[in-house]
Structure formats: structure tokens, C-alpha cells
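The two complexes that follow have chain A in common; it is paired with chain B in the first and with chain C in the second.
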Partner chain A sequence: MSPRARNAFLVVAAVAVAALSFWALAPEAAVAFWNGSIGSRNALLSGTLVRAIPLAIIGTGLAIAFRAGVFNIGGEGQLMLGAVAATLVALRGDAGALTAPLALLAATAAGALWAGIAGVLRARFGVLEVISTIMLNFVAMNLVSYLVRGPMQEPSRIYPQSAAIADVAQLPRLAPDVRLHIGLVIVLGVCAGAWWFTSHTAAGFRQRATGSAPIAARIAGGIDVSRVALGAMLMSGALAGLAGGIEVTGVTFALYEHISPGYGFSAIAVAVLARLNPIAVLPSALLFATLETGALGMQRDAGVPSTFAAVLEAAAILAIVATHGWFRDAAPRPRAAESA
Partner chain B sequence: MTAAGAEGRFALELGGIGKQFGEVVALRHAGLAVRAGTVHALLGENGAGKSTLMQIAFGTLRPDAGLVRVAGAPARAAGPFPGVGMVHQHLSLVPAMTALENFALGGHGLFDREATRRRMQALSDASGLRMDPGDIVRDMSIARQQRLEILKALGRDASVLILDEPTAVLAPAEARDLLAWVRDFAGAGHSVVLVTHKLREALAVADDITVLRRGEVTWAGRAADTTEARLADAIFPGGSSPRASRPAQPAGTIVVRAENASVSRRDGSAAIAGASFAIHAAEIVGIAAVEGSGQHELLLALAGRLPAGPGSLELPGRIAFVPADRKHDATIPSFSLVENVALRGAGRRAGGMPWRGLATHTAALIEEYSITAAGPDAAAGTLSGGNQQRLVIARELADTPALVVADNPTRGLDLNATSFVLERLAQAAARGAAVVLYSNDIDELLTLAHRVLVVHAGRVSEVALDRDAIGRAMLGAA
Partner chain C sequence: MSELSPFLEAAVRTATPLLLAAIGETVSQRAGVLNLGLEGCIIAGAYAAYVASGAPVAGYAAAVGGGLLLGLTFVLFVVFLRRDQVIVGAALTMLGLGLTGTLFRAQGQTGALVATAEPALHVPVLSSIPVVGQALFAQPASTYLAVLLVPVVWWWLYRTHHGLALRAVGESPDAAHAAGIRVRRVQVVAALFSAALGGLAGGALVLAQAGAFAEDMSAGRGFLAIAIVALGRWRPLGVALAAAVFGSAMALQFVVQALGWGVRYELVLMIPYVLTLLALVLFGRGSAPAMLGRAPENASS
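== the complex of A and B ==
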């Protein structure tokens, strides 16, 4: 059995054992988890898949950024700026059928712009993007809080939310009786495009080289590494912004203070679990969405606190970190230094 | 059991040494015997097992078979053997500490500064290695740091001193001084093992020579009884390969023109100031300099990797660059050979990556440059140093560049790989490229270069093709 096959077998076996013991030890919770996540048409098509969309889009952007050595932790803030921009465009709503695409375009630009602040700070002043993007998350959250209580509040001025966007600005649903929307198609396109970009374009190759060995990239490749890093930051911000736009036009139809249950943060784990492969981001996002909707189901039907989802996610991340070495490509290691 | 041979006592004896790392046999029945009061040279190409054998002699590596005797007695201590000192190729000093503090490192019990100072002073006087205990290591030249390492070893009462490639990092004058000191040290009754690549050095300094090839001793005897050619045969099967020599060809049009050019380091400090020179097609220009004179920045600027200015530096379009540090600057170890080949020109490539074409191209390069690799998709980090350099040379020379800039391209390579690299550079010049070659081996420059530029303290000047003149100019003496 090859190492890869052995590892795959171990993973499947571990998941099966975990699922069986879950079912044996707490059958009521297990059933609630199943029904709440993927066990029913409604849970799958109105819950889990809808939730997987922003996770996959942001996760794809983060996979691109991380590969380029850019640690963008600001997906949450970039998503919010995207949501604000999409709401602004959608509320104007005078572009007919083009309103929704325009809203998504604006969201994408806003996310890139917000990430660009951290990107420029890094390129110009060497500010660590880990710090700046986290801090910009708080700025974005408070900005949205202010907007939904101030200039963007709905006309009756009762609720901290914007007015609802017009029907014409809403993304079409894939079936009349479910919440799953056309965003699923966008996700597939984004992941495929990102995969093609990283593996088949010169710009994608520059990003990988920069992330793997910035000095060799600069000296042997003649690559302007700070520009490449800025580009990767903008791309990941753009995708997070797009996810925010999709949430507004496809799910919430208005701007809320808590428009994201932490998609920007969960997407980090999604990207890492996918080992920064844009295609693998799809199953990874689906897994995390399943964990979250399943935990919500357990809370609703079995009284299990929903923070259990956070525990499950943390356990998954720990398992990834612990087994990281298993999944490395089985390339022969360089021989121990033996030069005379 | 005493080990008194006909030639007098042996200070260090290794016999029947075997050592295996996993499936790789590093040493097979290897050994050497160092007579007291002599210099013993250990020769061999990369991977011949020299370092492994010396680590066993020093006591930091256990042999699978065989015996080590120090001054006649079997050495069984764990860790470094008493009486044996070793100076590694890569110095292990704490840059922020003073010479005195570094000298005291690794001691036991209390640190008595005064007593240590007296001891260091005494050793310094006795050995002739002058050293100011208060100097900070960071501010010392490599040669002085090396001297401090030797003092440290002597501080451990070493009567046998192992020096691993000590002249590799030194300027010629410094190397001469060190080798003269080694002779004196042996003359005073101590013993030295000199690990080296350089045949001439071994013949000039050593009393005895042992040659290792693939973990086995292929020649051992008196230096007086052998010749350069015979040693080369022992190091290297199939006879010494012909050294590359400079192509006899008239220099062509001007490829590089520097007018009062300056180059700054990335931190903004000036590395090169007011440099004016021209480099022509089909000529090989050697660059000579001691470490830290600004030559690396000059080479980076010539390669178009560092902006030049004020002043002007005109460069051609296609430039090949062989950086000094293969592992960090020239290749990405985790990337495949194809991806490493694709790195050339990646900064300016537009559109898609033609992976299929690149794979074919890489396979052809592997063939043409005889790169030993599992295949085009093998990670560059799995290649030996010599093969990594072949890969870099292959990648850079493939598209017939107008200018080739090579920063110490033969550093750490064995004879075979060295002559390969130099031949390729000579070929590039013969095909019409301007070649700029920096090497800290002046012999390399003298055999290959048409002209030599010396960099000293950021100033570039042309010097006659003469070993002494170059050596003096490198140290700033007119």
C-alpha cells in the first residue's frame, strides 16, 4: 500500500470510527447533527451549501495569499466592506438586470481596496500584514455598526440594519423552494479559475515562487517580490469582498451588523485544511459548513450548545496540524550534509 | 599499547574506520596516521568522506567499525576527544560577544574573566596568534575569527589540530599567513590535519598526504614522494580533467559600460562608488576582492538585480546570473527542476506557463549538462551541490545570453564539477558572451580571465594579470 493510500485509508477509518462512536454514545445528538447538516434536502440546499459558498470563496483567496507568503487574516473585514459596497449599489437599484452583477463588482473592488490598505502598509513601510489585517477587521466591524445605525439605517429607523434590496438586485435561486442561489456556480468558477491561475499562469508562478523562497524569487527569477505580495493581498481581499457581496445579494438581502458568523476566520482553516489548493478548498469548505450547520441542528433539536461547532472546528484544525507531515509529498529528503 | 612507528610517535591514528548513514556508505575501512610534529593533508572531492572521517577523529561522530587513537591511547570519551581540536569550515562563534567571551564558551564552572584573559594571552603569545581579547567578533575579519577559533581549540589543550578547508574563506595573503603559521605550529612539535580541496596547498604545506575517494583511502604517503598529477589521479578516477582555459578570441563590441557608476546596498549604504569600466563581447573579466569589499553588490548590479546610480550602467537585454548561494539565491529547493528552470525570467514573463515545453527543455538540459537527478520533476533540494550548480548553469546559459555574471560559481565544488562549470563559462565566452567571473580562487581567474578588475572598499580598478599585483590590490596596497 502506498503511503498516500495508507493515509487516505487512515483518515477514512478515523472519520468512520468517530462517526460511529458519536452515534453510539449520543444517538439523539448524532441524528440532530445529521438532519441539521446534510441529512435532509432542506438542510443541505438551504443551509449547508449556502454556508459553504462564502467559506469557499474567501478560502480560495486566502489559499492564493498564503501561497504567496502573505498572511491575510482580514477576510472578515474585507467581507464586510464588500457587503457594504454591494448594499449601496443594490439599494440604488436602477441598473435593471445588471444591478446584481454591478453590486458584486463593487463588493469585489471594496474588498480589494480594504486589503490594499494592509498591502500598501506592508510594501511601503514593512508593517506586518498579520497585525494590520486583524486591526482592520475591527475597523470594518465598527464601520458597519455605525452605518446600520446611521447613514444606511432602514427608513423606519427602528432596527440596526439597512433597507432591503429590491428583487431585481437579488441573486437568482437554483430552485424556487430552497435558499441555495447562483453563488454556487460563482464558487465553482472562482475555484477553477484560481486553480488555473496558480498552476498555469506566470503571475501565479511568481506568487508561488515568492511565497516559497522570496530571496531566490528576487535574485534568480528577477521577481519584484513586494509587488507580487501586494497583488496576492489584493486578490484575496477581492474574493473576500465578493463573498460579502454574495451574502447581501443572495442570502440576507440587507446589510446587518452580524452579516457574517465569522466566515473570514473559518476560511483560514478552510484554506489550511485544503493545503492551499484551490480545488481542495471546495470539499474543505463543505466540511466546515457541515460542522457548523450540524452543530446548529444539535442545538435546536438536542440542546447541545452551538459552541460545540467551535470545538469541532478546533479539533479538526489540531488534527490537521498534528498530521501535517503525513500529507507532504513523499519526495526523498536531501541527504544529511556530508560534504567534505 | 604504544604506537611507536619507525617514523616516530603518532599523534593521531584512525584505523579500519567504517561508517554508514542509512544505506549510504560514507567510509569503508578508511584511516590515517598523523605523525607527531607534522602537517597531514587530507584530500578528496565533495562527498569523499573527509568531513565524516574528521568528525570521527574529533570524537563528535561514532564510527561503526574501527579504532581511534590519540597519542597512542585508544580514545573512548563521549564527545570531543581530549587533545584533539577542530576548526570547522563554518565558524561557530557568537558574533555579539568579545573574543574573550567566545574563548571561554564551552568551559565549566565559574567564568573568571581575569584568569581566562591571562590564559588566552599566554596561549596567544605562545602560539603567535595575536588577538585582542576585547574585540567583538562581529567586527573581526574572517581571518581573525578563524584565528580565534584556533585559539579556542588550543585552549582545550589540543595537540592535534584539525582544520577543515581553512583557506576556502581567505584572501591569498591571509591564506599564506595561515599556512605559514601551520608550518610553525607543527615545527613546535604539534600536529595538524589540513582538510583541503587544493592539491597545490597540500603539496606546499603538508609532510604527509592521505587521499580519500568514496570513503576509501586511495593514496597515502609522503608529500615529497608524489606529484600534483598523481594526486589528482587518486582523488579523481580517470585522470585529472583538463582545466578550462581562456578562449583565444578578440574581444568584440562593448556589452557593459559603466560610467562613474555607484551601487547601494538594500539598506541604502554605498557599496560601489565611481566605477568606470567597459566589458566587451567574447571576453572573460575576472573580479577579485576580499569578502565585504562590495563585489557582490557590483555583481548584482551587473546582473540587473540591484539598481545602479548615480552614474550610469548600461546593460544588455539577456543576462545570465549565477548567484553565490546556490541553495538560497539560485534555486528553490522545494520546487521541481522544471519549476527551477522556469524561474529564469519569471519576473518578466507574461501570460501562461508553457509547462509542457518547459519540461521538454528541462529534460534536454539534464541530458546536455549531465545532471544526476531522478527526473525533471524531482525537487531541486534532492540534488547534490555539484548538480544544483549544473542546473543553475544550464538554466542560465540556455538562451545564449549576451552577458554572464557568475558570483563564485565553483565555491564548494569538487574538481570534476569545478572544471565543468569553468568550461561552460569559457564556452559561453567563445560563443560571444561577455563573462564576468568573481572567484576567491585567484588561480581560477589567472587561467580563465582576459582581464581582472579588483574591488577594494567599493572602488573598482583594473589590475594586470599577475598574482602578486592582484593580491596586493585586493588588500588596498598599490
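== the complex of A and C ==
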């Protein structure tokens, strides 16, 4: 068995064993989990898959960034800026059928711009992106709080949220009776594109080289590592921004203060479980989305605290990090089999 | 003027847990270890203090224990297995928030008062000085401890051999190793110190500030403390000053609301973060420990 197949098998086996023992130990909670996550057409198509979309998009961006040795912890803030930009464009709504695509484009640009601040600070001033992206998260959160109570508040000025966007600016749904929207197709495109970029282009190779051995990349490879790192930061920010835009145009239809239940942070777990492989991000995001909607179901029907999902996410990260030498040191190191 | 005295009091009270956590994080970052799990340590400490809040001393001991529990996990992964600090730290923050939320909700609660909150210690005479008296000399013991830690940690870092060794590990672990310093041991101690103080900060939050535990009550203070360390340029005195700036900005929101100024308090809350980014741009390069966030390559003792 190839190492990749073995790893996939191990993850599937671990999930299966966990699910079975869960069902044996706490059947009531397990049923609630099942019903809340994937047990019904509605739970799957209006809950879990909808939730997997932002996780997968941000997770793909983080996989690219982490591979390039760029520790973008600011997915949450970049998502929020994307949501703001998408709302602004969607509320104008004067571009007809082009409104939604334009809103997503603006969201992508805004996310890249927000991440770009941290990217430039790292490239020009040597500021650690871990710290600057955390700062930018706080600035973004306060900015959205301000906007939904100030200049962008809905006309009646009662609720801390923006006005609802027009129908024309909303992403089409995949079926009339479910909340799942066209964002699913965007996700598939993003993951496939990211996979092709990282494994089949020179720019993708330069990113991986920069992440795994920055000094060798600079001296032997003649790579401008700080520029490559900036590029990876911009890409991950763009994708987080896109996820924010998709949330506004596909799910919430307005800007809210709590537009994200921590997608930017959960996406770290998604990227790590996928071992920074853009294709593996898809099942990884699906798994975490299932975990989160299932946990909400357990809270509703069986009184099990939904915060337990965070415990499982953390445990999954630690388990993967412990068993893969890949997450050693600051920069992820590609395994021998993949470095070619 | 009548707003000034309560504002100063609120600023000092708000700054206390931030300063405690930031001083610990300063020590750990000077040893090259970025403890991103600090947020998790704070909430773990807060929950432990709430559980053991029969007497303040027991509460604080439990808080330190709660922080150390996460700290030990962090050390295991980061120092011994040499896994990535950022990812492990992020996971431990998730773990701390998730675990305390789960335990707390399992008791069927969403917010609960602690048995005994810590009383304020009034320093005789000094606490009756107008304007600043209440703010500086009528605070709980944890505030005095936080303030006391600043010169103590400064002295330890800059005036003792151990402090020198710790800073050497953060700047050049290979050189430190060659000089006979036990790099791993130093990093273990430094990381555990930050975890313990993170726990203590959580304890102060519950026992001295809120008098209650609530889910997610750490509310980003661990990340704030990391910002404070950067704004204070990794020096205890600077960190104390930065904590005061953050505490004041957070307390200012109440004043802004009370006075009905035409400024939104969300914008006021942004100031310290923007300030931190500016400070990093102006002084960033050179003041951060060279090996911050990176694991030493060879030093294995």
C-alpha cells in the first residue's frame, strides 16, 4: 500500500472505530449526532455540506500558506473583510446577474488585501505573521462590530446587522428546498486548482521549496523567498475572503457581527488533518463540518455540550501532528516521496 | 473629572490578567518559544479557579495547575517531539476552550458565581489619595503580584546567569548549547512558566475581576497578551507599559459610552491593535528574539 493510501485508510479506520464505540457507549447521543449531521437529506444538504464549504476554501488557502512556511492565523479576519466587501457590492446590486460574481471578486480582493498587510509587514519589516495576523483578526472583528452598528446598519437601525441583499445578488441554490448553494461547485474548482498549482506549476514548487528549506531555496534555488512567502500569504487571504463572500451571498444574505463561528480557526484543523494536501482538504472539511453539525445535533436532542466538537478537533490536530514528522520545526517538510 | 477615578480603577483591574499572562509569555518568547496556547491556559486556569473557589488561595493554586496541565502538553509536543509551535499552540487553545465549555455545560450551566471572590486589599493611607488612590492601592492581591513580577522578571532576565542563559537560547540555541546550556531544559521551564502565569491570569479573571465563570470568558486575552509582549518589545518594563495601554483602551470603552462622545467604542477598542502593528513596524526587526517560533536545529540536550 502506498503511504498515501495507508494514511487515508488509517484515518477512515480511526473514524469508524470512534463512531462504533460512540454508538455502543452512548446510543442516544450517537443517534442525535447522526440526525444532526448526515442522517437526513435536510441535515446533509442544508447543514453539513453548507458548513463544509467555508472550511474547505479557507483550509485550502491555509494548506498553501503552511506549505510555504507562512503561518497565517488570520483566516477569521480575512473572512470578515471578504464578507464586508461582498456585502457592500451586493447591496448596490446594480449589476444584474453579475452582482453575485462581482461580490465574490470583491471579497477575494479584500481578503487578499487584509492578508497582504501581514505579508508586507513580514517581507519589509520582518514582523512575525503569527502576531500580525492575530492583530488583524481583532481589528477586523471590531471593524465589523462598528460597521453593523454604524454606517452599514440596516435601515430601521434596530439590529446590529446590515440590510439584506437583493435576490439577484444571492448565489443560486442547488435544489429549491435545501440551503446548499453553488458554492459547492466553487469549492471543487478551488481545491482542484490549488492542487494543480502546488504540484504542477513552477510557482507552486517555489512555494514548497521555500517552506521546506528556505535557506537552500534562496541560495541554491535562487528563489526570492520573501516574495514567494508574500504570494502564499496573499493566496490564503484571497481564499479566506472568498469564503466570507460566499457566506454572505449564499447563506446569511446580510453582514452580521458573528458571521463566522470560528471558521478561520477550524480551518487550521482542516488543513492539518489534510496534511496540507489541497485535495485531501475536501474530505477533511467534510469530516469537521460533520463533527460540528453533529455536535450541534447532540446539544439539541441529547443535551451533550456542542463545545465537545472543539475538543475532538484539537485532539485530531495533536494526533496528526504527533504521528507525522512533517509538522516538525517551523516549516513543514515534504516527505521524501513527495519532494520530487 | 468624576469619570477619571473609576476609569483608572477599571483600567488597572482590566490590565491585571493581561499583565500576568504577558509577563509569562515574555519569558517564554525570550527563550524562543511562542506559546500560542496561552488563551487555552487562561481559560483552563479560569475554570480550575471556579471549581476550587472555596478559598482564594485554593482557587489560585488550582488556576496555576489548570494552566500547567495544558503547558505540559505544549512542552511535550513542542520541546520534546519538536512539533510546530504555532499549530500545537492553536490546537491547545481549541482544547482549552472546548474542554472547559464541555465540562461547564455538562453541569447544566451557562454562567455561575464563584463561592468566594477575592477581596480588594486597601493599603492604608495611600488608598485614600484622591483620583489615583483607589486605582493603585485598593486592588486585589493578584494586581500587586502582577506589578511585583515586572521588576522581578526584569532582574531575573537581565541580572542573573539563568536569565542570560534563557535569552541566549532564544537568540542562538546552537551557541547556547555550545556554551553548555541545556537548551531543552530552559525551554521547558520557560514554556511552563508562561502556562502557569496564563493559568494565574485566568484565576485573577474569575476570582478578582468577574467573580464568576462563563464560557469563553478568556475572550481573546491570551492573544491580547501575545500582542502586549510584541508591543512591549519583549522587555518586562515595556510589556508592563503596553499592558497599561491595552487595559486603558479596554476601560475607555465604558467611559466613551458613559460620556456619550461621538466616537463608537468599537473604534476605540481597535486602537491597541493598530498601535501594536505600528510598533512592530517601527521597532519590530531586531527586538524580537531571533529564534522566536522556531525549533533549534541541533541543540538536543
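By our rule, the second predicted complex is superposed on the first by the 310 of 340 C-alpha atoms of A that agree within 3 Å, B and C clash if a C-alpha of one lies under 4 Å from a C-alpha of the other, contacts with A are read in each partner's own complex, and residues count from 1 in each chain.
Just so it is clear, contacts are C-beta pairs under 8 Å (C-beta built on N, C-alpha and C of every residue); 3 or more make two chains touch, one makes a residue touch a chain.
Treat the numbers as computed from the prediction; the structure is a model and nothing was measured.
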*Regarding the shared-chain residue A:L25, is it in contact with chain B (first), chain C (second), both, or neither?*
neither
*Which one hits more chain A residues, chain B or chain C?*
C
*Would you check which partner chain A:I219 touches, where first means chain B only, second means chain C only, and both and neither mean what they say?*
first
_Partner chain in contact with A:T201 - chain B first, chain C second, else both or neither_ = first
*Considering only the touch criterion stated at the top, classify A:N142 as touching first (chain B), second (chain C), both, or neither.*
second
*After superposition on the shared chain, which partner residues are touched by A:A5: those of chain B (first), chain C (second), both, or neither?*
neither
*Touching A:I158 in the superposition: chain B (first), chain C (second), both, neither?*
neither
*Looking at the overlay, does A:A209 come into contact with chain B only (first), chain C only (second), both, or neither?*
first
_Overlap of chain C and chain B interfaces on chain A (superposed complexes)_ = 332
_Complex contacts: residues of chain A adjacent to chain B_ = 199-202, 204-206, 209, 212-213, 215-224, 331-336, 338-340
*Tell me, which parts of chain C touch chain A in their complex?*
34, 36, 73, 77, 81-88, 90-92, 94-95, 97-99, 101-102, 104-106, 215, 220, 223-224, 226-227, 230, 264, 266-267, 269-270, 273-274, 276-277, 280-281, 284-285, 288, 292-295, 297
*Of all residues in chain B, those that touch chain A in their complex*: 21, 24, 26, 44-52, 195, 212, 300, 304-305, 321, 323, 328-335, 339-340, 342-353, 355, 374, 378-379, 381-382, 385, 392, 412
*State the interface residues of chain A toward chain C in the complex, per the touch definition above.*
66, 71, 73, 117, 121, 125-128, 130-132, 134-139, 142-143, 145-146, 149-150, 265, 268-269, 272, 305, 307-315, 317-318, 321-322, 327-330, 332
